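Chain IDs A, B, C and D follow the sequence of writing; residue 1 opens each chain.
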Amino acid sequence: MIKVGIAGASGYTGVELVKLISNHPKARLETITSSSYKGKPLTDIFPSMRGFESLICEDLDAQALSTRVDLMFLALPHKVSMSYAAPLIEQGIRVIDLSADFRFNNPDTYEKAYQTHTNTDLLAESVYGLSEIYRDQIKSARIVGNPGCYPTTILLALLPLIREKLIEPTGIISDSKSGVSGAGRSLSLAAHYCEANESFTPYKIGNHRHTPEIEEILSIHSGKEIKITFVPHLVPVTRGMVSTIYGQAAKSVCLKDIRQAYRKWYKGEPFVRLLPDKSFPAMSHVRGTNCCDIGCHFDADTGRIILVSAIDNLLKGAAGQAVQNMNIMFGLVDEIGLNYVQTPL
Amino acid sequence: MIKVGIAGASGYTGVELVKLISNHPKARLETITSSSYKGKPLTDIFPSMRGFESLICEDLDAQALSTRVDLMFLALPHKVSMSYAAPLIEQGIRVIDLSADFRFNNPDTYEKAYQTHTNTDLLAESVYGLSEIYRDQIKSARIVGNPGCYPTTILLALLPLIREKLIEPTGIISDSKSGVSGAGRSLSLAAHYCEANESFTPYKIGNHRHTPEIEEILSIHSGKEIKITFVPHLVPVTRGMVSTIYGQAAKSVCLKDIRQAYRKWYKGEPFVRLLPDKSFPAMSHVRGTNCCDIGCHFDADTGRIILVSAIDNLLKGAAGQAVQNMNIMFGLVDEIGLNYVQTPL
Amino acid sequence: MIKVGIAGASGYTGVELVKLISNHPKARLETITSSSYKGKPLTDIFPSMRGFESLICEDLDAQALSTRVDLMFLALPHKVSMSYAAPLIEQGIRVIDLSADFRFNNPDTYEKAYQTHTNTDLLAESVYGLSEIYRDQIKSARIVGNPGCYPTTILLALLPLIREKLIEPTGIISDSKSGVSGAGRSLSLAAHYCEANESFTPYKIGNHRHTPEIEEILSIHSGKEIKITFVPHLVPVTRGMVSTIYGQAAKSVCLKDIRQAYRKWYKGEPFVRLLPDKSFPAMSHVRGTNCCDIGCHFDADTGRIILVSAIDNLLKGAAGQAVQNMNIMFGLVDEIGLNYVQTPL
Amino acid sequence: MIKVGIAGASGYTGVELVKLISNHPKARLETITSSSYKGKPLTDIFPSMRGFESLICEDLDAQALSTRVDLMFLALPHKVSMSYAAPLIEQGIRVIDLSADFRFNNPDTYEKAYQTHTNTDLLAESVYGLSEIYRDQIKSARIVGNPGCYPTTILLALLPLIREKLIEPTGIISDSKSGVSGAGRSLSLAAHYCEANESFTPYKIGNHRHTPEIEEILSIHSGKEIKITFVPHLVPVTRGMVSTIYGQAAKSVCLKDIRQAYRKWYKGEPFVRLLPDKSFPAMSHVRGTNCCDIGCHFDADTGRIILVSAIDNLLKGAAGQAVQNMNIMFGLVDEIGLNYVQTPL
């Protein structure tokens, strides 16, 4: 049994982790923390959990945790994670951080998009937790930087084509759409019901913080610096994310090559589902699953490749992939605790 | 041309008033105020108004307004209205207040449900703005207390039956349902998208502030003190309100009597629509209109009367009825500026 | 391992059953049937199931099933179930029927609300599958008539109070609200997106078919004929059901008695959750769970009891309760395969 | 007073036209037709119209209409319009057709995307009703082919840049998103509530019928054949449409040039609103208006232009633009009957 703690359990990602670990046959939830709800039972915040989980929110105290947990999930805001990770690692606790604080290879890139990084050594050590791509490094990692939700959709769709040199690395566009839970549980006008409902809104055109995260990984895999155009939009649904990605095929590529690349890269992977020809994923197809569904279209006349990639932003885009990474880190098969569709409807 | 000002234009009720007055053929919008957005154009807050309305949010200064406006709508929070109304009245400006501050007859009732009232003289003078029922008093009123949204649905459905002694005044239940805009534009967890979406929530069972407002009016019209059971619920829609009302018929009443009472009381009223037999209103039937739709059912075996009453909470439940009251106060026919369906869909 | 078949797997209740059985540690899904999609894989209908379930829709052939399954779930329309149940029973296959065909005690009541019943012997034998109340009879039943969704919310809230004589059996009202999935997957104008969205609609006032089902069970338990007033409404959410129930307390009852009755009747029951004082359930609290949450309020002045009862209509209101009944029939604890919250959000 | 008839009044576009004409100060609605609801009052289909419109659905009889109407709106399915238009024109009735039947210049293009055209003479005569661009031809047109909703968003955003040679005509992408009302009132699984709700779905990638319509107009204005990549998606809202458009700037273009082009082309146009720098439109900004809002972004490093264009698909995308065209045809200013925001919320 893996002994697990979850920091920031009162957020949407946090409670999703609680739920996954509560149902996980090889993990046991030992502690949850929340600065806003310290001393309160989780069921005060999420009444749906009544009878399923009786833990009380605690303070995060790394020293006290050393004997209690093997692994800590940090579902905390950017910058807050940064300060908690090192003390945990020092206590021998492995860490999966769901903020942006340990996702970057290059501290300058992080600092440009976020803020000063106060632990660049740990950043250097951390592994990017895109499970299907960094499986080997994740196995032995002490700290994993769990990917952003947008990067997960975009990288899983693009990396096989980049690595197989089937797509031009220049000029790629991702027109991406996210459900509102991606904005978290903190109140904001954009997530106020009457503002988000019955609307659809582009935001942060040209300056979303997930852009450098995506570009860094794409650049590493293509061997040269890649810039992409990334435009996120808000969709009036609670959970779900779709990226529609446009690129130019490398010379003499055909649809078969593209499909073959995915088959090669995701062979045996339970959570990447390549859709049949002419099928494309909808948000509802992946809601409640840890899957990333990918559909592809190729227009031979113009050489344009169109990829559609969909995830549940709280699962494969956050808590689900984090648990998948935990499974990898502790020598379990990926599917344990994740091998189901929560809600086909 | 009636010269109009709107205080609190940056809220949902406020902007609805702006829209109605902008389209009104006999009124001209002279000023809008907002404490949170002073100095900013309304279109910064509601970009949909670009090109239709160019006013800048001002401070509310009663003295400066005396020469500029004939009528002021106060779309302000409870208690704030209380302090602004008197200075406006003193300047000869008529006031329609959309808060609860001038709805009550009995100051004690107000104070029990809200807070100390600092201007009970003005409260005593104010007229309850349920247009169809208090038309005569509204005509010459200096100050009108515009009804709450829930009371509007419940009173319009019940008063004819109470007055005609067709329903037992004891034991009435209203199971009411409101869209989220009723909670306004202030941020709250209950109105956070992911909390309200895909849910349906009863709230304030046994202690909603609209209960004494409803009971006071019912008591006045039945000649004795009436208590009702009122349970509000939150529905995941932006606009709309439905009350399903249950009561016991007085002896030997039949459905025909009930329908006849409505016909008598609402004869010639453009905004109360009695539905045909076996038809009941849905929120979508009244959205974007100033109408209150009423459907009725009578079970002869048990003597139970079931009434369903529906409005658009921002129109007949707030801004629409306020404009209807303005029309009445200024000698216009009720329909002017309100005689349309904004969105059949 | 219980060998299970699901008839009507292409409907919303059917696929929910598929999902539950696929995840069930003590059951194995042997066959699914669908008349509309015969020969097609379930994943063509519900792409979310790709990789999780590979069964092909078959014809329902009782004889061929005799060696393959121990239990058949019938998620078929009313009347269709009636003809399939007997041949299955004859083959020694136990049946849980999710239509109304085997819910009634009195065939006349069924026939008045639905149509001629062609197998009244089997109807007489069938057990009403309200798990918490009919546990003992369900254990050995060959055929279970799984309750309607509305009756489940209303009966679980009322029966303890009826049995303990805490509530007057006369004059009870249930104002109930259902998500759109209750209407199934067959196309209809009422379930067309633009008609249901942003609306809220009462329907079938005075003549919903669940009324006699509720009244029959209430009458059995109170020892005299009970009539209730039941008004259902459609809420724009996919899943969820709330009933707000009004009744008159028997003499000298207090809130403590009411709470005590629930504690007594549901002691040890994992799926009925009595909420703390002044707490009431929302649809989101039970979505993705097999729970029925009950909140209660008592107004001592008027003697009125208000109960709020909430379920996920596809789980405790259909497929979840059916699986709970399967567990009971096969000697398993209720929670197996159901002991989780699918989506706290 | 323009005497107006509306064919197909029982559809979503039809009833929107009814509403607009009912409110129009210079037009009078003389007749409505519906094949499915012949003989029924419109209020049976759309109860929101009770009290506002009392017309009964008739048969479409061109001869009988000749003395009754000056203008006929055809809100009919493709192919049906084709057969009704000529007889009306022969009777001296001007026609605005909202189907695709009279949008194309080249009959071959129409026939490839739709079906055989049976009246190519009338097709040759018809004017494409993109009001801002074809204003002069619309004035005197006997028949106007009202644009598709997607083409309206895309063409209004692109044409000024194409005409001013600021954007490369090759390689343009439009990633477009539509509310569900675009699919009309006919039942379909895709528009079934539980399928569309809480999802987001790309559809018809590579073969949507609006593609040739867009390409024909773009080609005419650029003087050479243009191909675009067009990917539509379904958004769970009733009304609204957003296109996010990507293209490559012509050499040495800057953002100022782009903004200048819009100002030049849409000077004095009341219904195209160019947003301030760094502002982009959301569906809620245009809902209930006849406006097309355009926001633009230019990335100097890569030369990429990003345009976001939003409309209410039932107004500027259908009925609103049709009324705007009527105003132009009858010598009225564009704004009459359209100069308001129906619902800021």
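Quick note on the criterion: a residue touches a chain if its C-beta (ideal position, glycine included) is under 8 Å from a C-beta of that chain, and two chains touch if they have at least 3 such contacts.
Computed from a prediction, not measured in an experiment: that's the story for all the values here.
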item	value
Winner on C-beta contact pairs when A-C is weighed against C-D	A-C
Taking each chain's C-alpha mean as its centre, the one farthest from subunit D	C
Centre-of-Cα separation between subunit C and subunit A, whole angstrom	36
Approximate Å spacing (C-alpha centroids) for the pair subunit B, subunit C	39
Chain centre separation (subunit C, subunit D; CA means) in Å	46
Per-residue multi-chain contacts in subunit A, two or more chains	12, 181, 194, 197-198, 236-239, 282, 284, 287, 345
Partner subunit D, residues of subunit B touching it in the complex	12, 15-16, 18-19, 22-23, 46-52, 181, 198, 238-239, 270, 273, 275, 279, 281-282, 284-289, 291, 293, 314, 339-345
Contact footprint of subunit B on subunit C as seen in their complex	171, 173, 175, 177, 194-195, 197-203, 205-206, 227, 229, 231, 233, 235-240, 242, 244, 246, 280, 282-284, 287, 295, 297, 299, 301-302, 304, 306, 308, 345
Contact set on subunit C toward subunit D in their complex	12, 180-181, 185, 187-189, 191-194, 196-198, 236-238
